[in-house]
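Following this line, the structures themselves.
In the two assemblies presented below, chain A is common to both, partnered first by chain B and then by chain C.
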Partner chain A sequence: MTGAAKKVLSPIPGVFYRKPSPDKDVYVKEGDAVKEGDVIGLVEVMKNFYEIKAEAAGVLEKFLVNEEDVLDAGQEIAVIVAES
Partner chain B sequence: MAYFNKVLVANRGEIARRIIRTCQQLNIETVAVYSEADAQAPFVSEATEAVCIGPAQAKKSYLDIEKIIQAAKETGADAIHPGYGFLSENPVFAGRCEQENIVFIGPSAKVMETMGSKLEAREQMKKAGVPVVPGSVGRLSSIEEALAVAEELGYPLMLKASAGGGGIGMQLVHSREELQKAFDSTIQKAESFFNDGAVFLEKWISHPRHIEVQVAADRFGNIVHLFERECSVQRRNQKVVEESPSPFLDEALREQLLAAAVRGVKEIGYTNVGTMEFIFDEHKNFYFLEMNTRLQVEHPVTEEITGLDLVEWQLRIAAGEELPLQQHEIHKSGHAIECRLYAEDPNTFFPSPGHLTKLTLPQKEVRLDFGVQEGNDVTPFYDPMIGKIIVHGTSRDEAIKKMERALAQMDVQGLKTNLTLLEDIMKNDEFISGDYTTQFLEKKKVQLER
Partner chain C sequence: MIKVMSPGLQTTVQDNGRIGYYEVGMPPSGAMDKYSLTVGNLLVGNDENAAALEITYMGPVLQFQEDAIIALTGGEIPPKINGQPVPMWETLSVKAGDELSFDFVKQGARVYLAVAGGIDVPLIMGSRSTYTLCGIGGLEGRPLEQGDELNIGNQSKHQVPVGTRVQSEFIPSFSKVNEIRVIVGLCSYRLTEESKQRFFSIDWTVTTEANRVGYRFKGERLNFVEREQPFGAGSNPSNVVDLGYPIGSIQVPDGVEPIALLNDAVTGGGYATVGTIISTDLDKMAQIKTNEKVRFVAVDIEEALQARKENKQKIEKLKQQLFQL
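Entry: the complex of A and B
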């Protein structure tokens, strides 16, 4: 059975990236297991990069935003389903 | 001035307004290019005409060379001013302008390319007799070579990417083990950020001061300096406060520095205005660091002490005129200070975009170069600097007092700014003494955290 679904929010506005740099692989794919504190993406704000981290262990079920989407502060980025 | 009818400004914010202002004084029409995020920004309405060149993200607008070239052709602009940042030091962009018979207001693409490579720039400066930081000759081809060079130079050393900049692609190493660990990753970083994996080693200078020299050169071989700027108040390798003259230099040392800068510029055949950056060690030895082949953010302090308009000089030089003045006709008077207002947390320096619900600015004794006005959004897409406060006094003490009064009159609401930090700096004993290094803000932060 699956555990509780938890949404990862962006604390800041900016541009979302799933990769550490354009020619690298994504940090995490949909369906991958993540540990608490794993980086799942970056938000670029005023030429600074802010790491978005998984707040709990589980499976990253789905990304709710696309590469290079412009995010508002508080916007939902991904859904992590906790291990049960 | 009749050479240019219309200048396209390939930039945004305060520097776009600054360039437009001088063009208006010279009766030159202007074209603003702007992203969708900047539609409400003051520079867009202040230009004679404006062209939207794409979405908010810089790489889809302000960094898109073809869109800017197209805007210039459609509007019939005969020259492009690149401002600072974005495409201002991009030789490909300068080359495209040359191809399209549009004057690029800056040096030639070739000179820009030479100075964009730290290794190449070091070699040119050595030829000109300008001191460079002791280091390796040419790129390091293997870890074995790096270790041998390091043994000769002695640790600590800075491992640097030749194409690096803005603090990226630099790694401090204290030992053989650290160099072994850092070598491959620094090359990789340099390759992925700058498309150029060339690295070299430089002696690490502790407690450095960052002092730069403003230069100008025309096509007829005339070269002058416009004195120095002291830029050691920095956070994250970016400047926060600049002043001129530097309180660190005596007249003899100043003369040596200015002469070295002019020698370097002559060697490379530079044209237009530019800045030679140097670092000073604790024993007052100075070394060439890099050249900025464009107008600097902090150019107003030079304008304030010389009474000259550097954007006007750029336009005249690009139009093929001789330098407006010879060296003996250029004088400095008094002392100028510039503070950069950043939309960021004053302690952590973390960016803080937002809606400017209030912007009260000082009314007297001050020059304000601001990119925004009350009611504007400060968006997350670009640099956090939203404006510059510049003062001029007959003495350094008077300038500091003026800056203190100016900052006290300001009120910015709706987002975090470094205003309180700027006020603290003006009251700080170490800053007031003039005896400060690039570690000044780091040290101050540590004191605050205690």
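Entry: the complex of A and C
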């Protein structure tokens, strides 16, 4: 059984990254389990890197944006399906 | 006292700026959107130059340790007190223990939090504005951090009744596509005629490099007129002999991406400045986000001065309305 799907939004505009740095692995792969507070990506704006965190535990079902896409504020980044 | 529970993305103390030191290389800093700062200060009865918090893209969480009168102006980052939505552009009362937080940004980029009495930080060269690149002004010369405590000052001039509201004609509207008025020059002669025309006929997209120092735009490459390198100028065609950069001036290093220099920018250098944003439209520029579009529109100095005059008259009219209440 799958629980409720929750979308993770970017609070700020900027460039989206799934990796902590270019030579590292992605924070989370699609299908991975995440805990509340886990970092799933970064948004870069004004030379700051803002960590996007999972707001609830569950499985990160899907990313809705690609690496290095420029996001608008409020744009949907990923879907997390809650554990049931 | 106001306690910073969470600082937001970049929250700084700003007033009208550190005016009068430009020739020694000190930019003014100060609120990016001066109109919104002024209206915020009016709504709480402050001296117009009182320091407020400038909040960018993402709001802080602030806990008031004492009763206070506040107002929030600028772009739309919906504010909440103890989790309940509260209006912007209105005089609000908060009680000791209340917590101010914000939803995601809806429109615009910067919100001003004015507090009756002003934010009390030391005056540095006549201003309380934060200039982060030099680490001066504001709170220890830096953006707010978790755990900071801000004192409330005594720059209150009037008592403004709670619930006083700015009428809609005084509230700016925001768009994802913006016209920004520019005076052509000082070094526009360096661009080819075709590039000069292109500069004013395409939509430029604001990149992620857009902050208090300047905004960088993506669009298309601009070309410079061929010339023999003058003595004292750099070798790139976009270089000229060093000159002062007006605030709002636009340069195009190597012709690749135009940069509009803003409140915290370098005061001079060796790039050709092809135009300067008129002072009135700097407020509008301050509310444009990464990924939004700008179309530059050429105006002459008379039109720029007229816009400035109308902006001043608008503030005078607002003062009359507010203080008749």
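Note that the second predicted complex is superposed on the first by the 84 of 84 C-alpha atoms of A that agree within 3 Å, B and C clash if a C-alpha of one lies under 4 Å from a C-alpha of the other, contacts with A are read in each partner's own complex, and residues count from 1 in each chain.
We adopt the following convention: a contact is a pair of C-beta atoms (placed from the backbone, for glycine too) under 8 Å apart; a residue touches a chain by one contact, two chains touch by 3 or more.
Worth saying up front: this structure is predicted, and the values here are computed from it rather than measured.
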- chain B versus chain C on the shared chain A, clash or fit? clash
- Query: Should A:68 be classified as contacting the first partner (chain B), the second (chain C), both, or neither?
  - Reply: first
- Query: Where does A:21 make contact in the superposed view: on chain B (first), on chain C (second), on both, or on neither?
  - Reply: first
- Task: Could you say whether A:9 touches chain B, chain C, both of them, or neither, answering first, second, both or neither?
- Result: second
- Considering only touches as defined above, state whether A:47 meets chain B (first), chain C (second), both or neither. both
- Query: Taking 20-28, 38-46, 92-100 or 164-172 from chain C, which overlaps chain B after aligning chain A?
  - Reply: 20-28
- Which parts of chain A are in contact with chain B and also with chain C? 12-15, 44-48, 70
- Complex contacts: residues of chain A adjacent to chain B: 12-15, 21, 23-24, 44-48, 68, 70
- Touching chain A in the complex: which residues of chain B? 56-57, 192-193, 343-344, 350-351, 353, 380-384
- Message: Residue numbers of chain C touching chain A in their complex, please.
- Response: 9-10, 56-58, 104-106, 208-211, 289-291
- Touching chain C in the complex, chain A uses residues 9, 11-15, 44-48, 50, 70-74
